[in-house]
Amino acid sequence: MNRGDGIQRLRVAALILGVASALLFTAWGGGHAIAGAKTILILGTDISDTNSLDPQRQFVYSAPITEHAVYETLVTMTPGNYKDVKPLLATRWETVDNGGALVFHLRPNVKFVTGNPLTADDVKFTFERLKYLKDDASALAENIARVDVIDPLTVKVTLDDKTQPLLPFLIAPNFGIVDSKVVREQGGLSTPDADKNDKATTYLDQRSVGTGPYTLARWSRSTEIELVRNPNYWRQPGAFERVLIRHIPDSATQVLQLKRGDIDAALNLTFDQLNALGGTPAISIVKGQSLDFMYIAFTSSPALSPPLSNKLARQALMYAIDYDGIIKGLIGGDAIRPASFIPVGLGGSTTDLTREFGYRQDLEKARALLSQAGYPNGFSFDLSYGSGADVGGVSYEVVAQKVQADLARVKIQANLKPMEQGNLRTAFRKGDLAATITFWNPDAMDPSLWADPTVQRVAKRVRWEPDPSIVSLVKQANGEPNTQKRDGLYVQFQKLLSDQANLCVLFQPMYSHAIRDSITGYQLTAAGWQADLYDVKPR
Amino acid sequence: MSRNYVLARVGVTLVMALAATLVVFLVAHFIPVDPVQAQLGDLASSKPEIVARYRAHWGLDKPLWEQYLIFLQRLSRGDLGQSIATRRSVLDDIKQYAPATFELATLAILLAFSVGVPLGVLAAIKRDSWLDHLARGTSLVGVAAPTFWLAFIALALFYGGLEIAPSPGRLDAGAAPPPQVTGLYLIDSLAAGDLRTFGNALGHLLLPSIVLAATTTGVITRTTRASMLDTLGQDYIRTARAKGVRERAVLLRHALRNALIPIFTLGGVAYAQLLSGAVMTETIFAFPGMGRYAFQSAVVLDFPAISGMTLVVGLTYLIVNLVVDLSYAAIDPRVVRR
Amino acid sequence: MIRAEVEAKAPGRAVVFDTSSAMRRVKRYWLPIAGAGLVAAWVVVMVLGPAIVPYSPTAVDLTARLQPPSATHPFGTDDLGRDVFSRVLMGARLSLPTGFAVVLVGGFVGILIGAVAAYVGGQVEEVLMRTADLVLAFPPLILAMAIAAARGVGVGNAVLSLIIIWWPQYARLSRSLILVQRDQEYVQAAHALGQGSVRTLLRHILPNTGGPIVTLLTLDVGNAIITFSSLSFLGLGAVPPTPEWGAMVSAGRLLIAQWWVSGMPGLAILSVVLAFNFLGDGLRDWLDPRARQR
């Protein structure tokens, strides 16, 4: 037998051996659905944007669901009601100093997962750390001038500007109270030099020191986050021993995993995928109204687009768009539309208002306005958007093409200009784009956080110089203590904004998560943490 | 191949890898993306204090040439800087993502070669037979179908439908990775004597490797076939046959050996490409690897990450191509260096 | 052999027209002929384009969304209610030429550079090959983004980006093949006889090394179309609503229940890859004198 034969046979043998062992290992090492014994809750979502689990630093989309489960705030909001603040770690509170400060009374006998008791010191430490880290989330603490400990269970928070709100901000997971003793041990600081000298983040990325029903056991970047039950929780313990938040960046893969039962909830499915799942046994869809919206920003700058700088032309545009078609056709009706830039559910914004003075498709009116504006034969402009991105499963690209088709009916030509997201953000925020389809999601749960930016940074982006009367109207509304009056002022403001026609809100989507019948109690919230994992129980 | 040649080549490799980072720096300068804007949230981006702090932290307030100098300085200390997106040292990022890609790529190329070469040889020998047509046909599927298609169909079929493949990801949900030695789960689990995790990791590697191998197998099969046909037509083959050398020896020792050069060339490029990551396959199989990291860094112009990646990828190509070039001499001694 | 049979049947009679031989050639080359036919069909579609599409490829109609293939819509409709068949036909006008251009120009440039490197050797070879390595290592996305930023977004510039990242593979391949040939006896013989280098290169070396290169070229056309789509996906290539096969496949990817949105353009790409492959194989066989003898 010569070498050639031997080598040939060896090759074949190796191949057979390799394939056989691979099959063996596959059968052995894989394919088990963990979701059988329900002590573990598994969620499937994209956590690649999570770059920290330090509660005072994280400010991305996917981290809050974890933060909310391991840290608790003084106050919170329940799904569907974004006006009333509810007690959590604070049992009651009052306004003092003529609206200049808030005093919170803490719940007694609450322990951190570390065993240390919750005291006012921890609140002071947390709030100050958030402010002085000067990181992404620190803007939320801007209105906090100082925090004082009155007694171990009472803390006083003084506002910087008492005409601006603070209470609703405090529900954000960034205000999740940390065990100051442990964080200090790990190099954490709440002093003004915290931005340079705080060293606790590395520790907090791997261990949580909160009061929540679960606690962080392990974070494997872009792989999974593992939480375990907190035995020291002050309420009924969490229903699961472990919670896994598994990184599954592809929504189609999430569908497969959900169907197979390897995950209990899929968080990022597109509308069409959810539709296709309808009727699948053991799978149901949980919906929740969000406060996000997709909108188009039109510039007022004649240098960027002479037609768009004309208000009548912009209004014509807004009368040409088929809003109902977009909502019914592209989202299956799972969305509503506010009248202007304050979402339905806040600040007096309701769908009735939309019917009253919001735009709707009216091609005749659009054509009339175009003639009035001096463009009887239409005009063209560039419409930019982020390629490959979507809101609630509806991609900008699809919406852009639909809007383009709508506008063509009144002879307005929209030239689509997709851009990669980094590029888009840079150009848009600099105010260099004629028209942009983009997205707004809540910074915090207060209408001032929509109204204010509209006349400040967003106005700059569309090169609009708002009349001083509008700016003072907004300021007045922000600081108005009486809710009814406040809402009225915001409605007034929205009418003006609507007339100005720089911002065209297309829709405010409902978010949907697909869940298996193995769990119950799953509810969506618009308050920023998507779902409260404490509510979820095995069926 | 002289030792001097190899040393000189290694030296050139290092210099070229550095040159690549300089070119990336310069080229990226053209792109009008502001990494701070790309990263910061809407609210934070409007606060000058926060923006200023960001810029200072990442040295983005300095002129480009100074940024590059700082990059070189750090590099000399083995520090690749900190990624703007992940807020972690780029080296740590690469230490996490590169091993996953390495395992995938290596398994894929082994599969591709062990299936592609024999298939290509057989197709060449039994030219125009049903085997030849089968080989050419199946190799086309691997090349014509986009990888993400194949990836999803494979996952839907073997995981979703037949339920014989494990869930996407490097390990089962909730399974702790083996203690870190190399980052390669296969090696680390063996080192820790943990056969369960070894099986787990291997099982999870199989399907994505097969998907990645599909395209490369197609190329290797067809290249082997084409190269073998070229070689088999050469005079020295006829001479060998005329001299009475056994057919099998003719095929393997003479024809295949000389046909190997283009196969190795393309295989080398394919391996290096696989080592740079495969973003769609990694996404669909939830495999955190270099492909996705490179893609996401490029889109937001995360300079430190891009530079670090370019360095690593550059070195990979240069090393792989160096090995391939050296192999030419081993295969065919007539390829003499001038 | 045919000849022998004919002679046996009619000894002494010279064969004037060898019909059976021609038939054999057709039978042998039926795949490449089919491939050529398919390419020709696509070219016709490209040229006739707007005249033959049953529906407008860009007419949005949300009430007709995601309909499966039927008599009125043989390829179904996509997520904006557009007729997929019309979009596939129109998509040929963009996808085919770009795929072809990238491979042809990139391949040609690469082969040339590789040949020069192998032939000249020494420092030149080092510089050229290390440049190829550098280009291979360069993040392709950054390159495409930079070119788009410097020269504007558009199909032409996307093709340029792709050509730049495409040539190194061919350079490496052609260099490796020519290295082998360069020192063969027949080349030395040709030189001894006074034949110039370039002539030797073109007339002797290239035909002998053609096999793997032609194979790679034909395989790459589909690859180029698909890579072009990833640029479109990022807004760097074809701008919507212009139909482009690769972009259509990407856009329809998540619609797993509505397989036709992604599947039909994918099949179009497959058909082109097959066609070019069969053509390429036939070309190889036809050019290779030794192969014909079998």
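Note that the chains take the letters A, B and C in the order they are written out, and that residue 1 is the start of every chain.
Everything below uses one rule, namely that a residue touches a chain if its C-beta (ideal position, glycine included) is under 8 Å from a C-beta of that chain, and two chains touch if they have at least 3 such contacts.
The model shown is predicted, which means the values in this text are computed figures rather than measured ones.
Under the contact definition, subunit B and subunit C share the contacting chains A.
Across the two interfaces under comparison, A-B and A-C, the one joined by more C-beta contacts turns out to be A-B. Centre to centre, using the average C-alpha position, subunit B and subunit C are separated by 23 Å.
Look at where the CA atoms of subunit A average out and do the same for subunit B: the two points lie 35 Å apart. Subunit A and subunit C have centres, each the mean of its CA atoms, that are 45 Å apart.
Looking at subunit C, residues 145, 149, 234, 253, 256 sit in touch with two or more other chains. Each of residues 31-33, 152, 156, 299 in subunit B touches at least two other chains.
Residues of subunit A in contact with two or more other chains: 252, 420, 423.
The residues of subunit C lying in touch with subunit B in their complex are 28, 121-122, 126, 129-130, 133-134, 136-139, 141-143, 145-146, 149-150, 168-169, 172-173, 176-177, 179-180, 183-184, 208-212, 214-216, 219, 222-223, 226, 229, 234, 246, 249-250, 253, 256, 262, 266, 269-270, 273-274, 277, 281, 284, 288, 290-291, 294.
Taken together, the subunit B residues at the contact with subunit C in this complex read 12, 16-17, 19-20, 23-24, 27-28, 30-33, 127-128, 136, 140, 143-146, 148-149, 152, 156, 218-219, 222-223, 225-227, 229-230, 233, 258, 261-262, 264-266, 268-269, 272-273, 276, 294-295, 298-299, 306, 309-310, 313-314, 316-318, 321, 328, 332, 334-336, 338. On subunit A, the positions that touch subunit C within their shared complex are 251-252, 255, 270, 272-273, 276, 325-326, 328-330, 387-388, 397-398, 400-402, 404-405, 416-420, 423.
Subunit C makes touch with subunit A in their complex at residues 58-60, 62-63, 65-66, 79-81, 145, 149, 153, 233-236, 239-241, 251, 253-258.
Partner subunit A is touched in their complex by these residues of subunit B: 31-35, 37-38, 40-47, 49-50, 53, 85-88, 96, 114-115, 118, 152, 155-156, 159-160, 163-170, 172-174, 176-177, 196, 198-204, 206, 246, 248-249, 251-253, 283-286, 288, 292, 296, 299-301.
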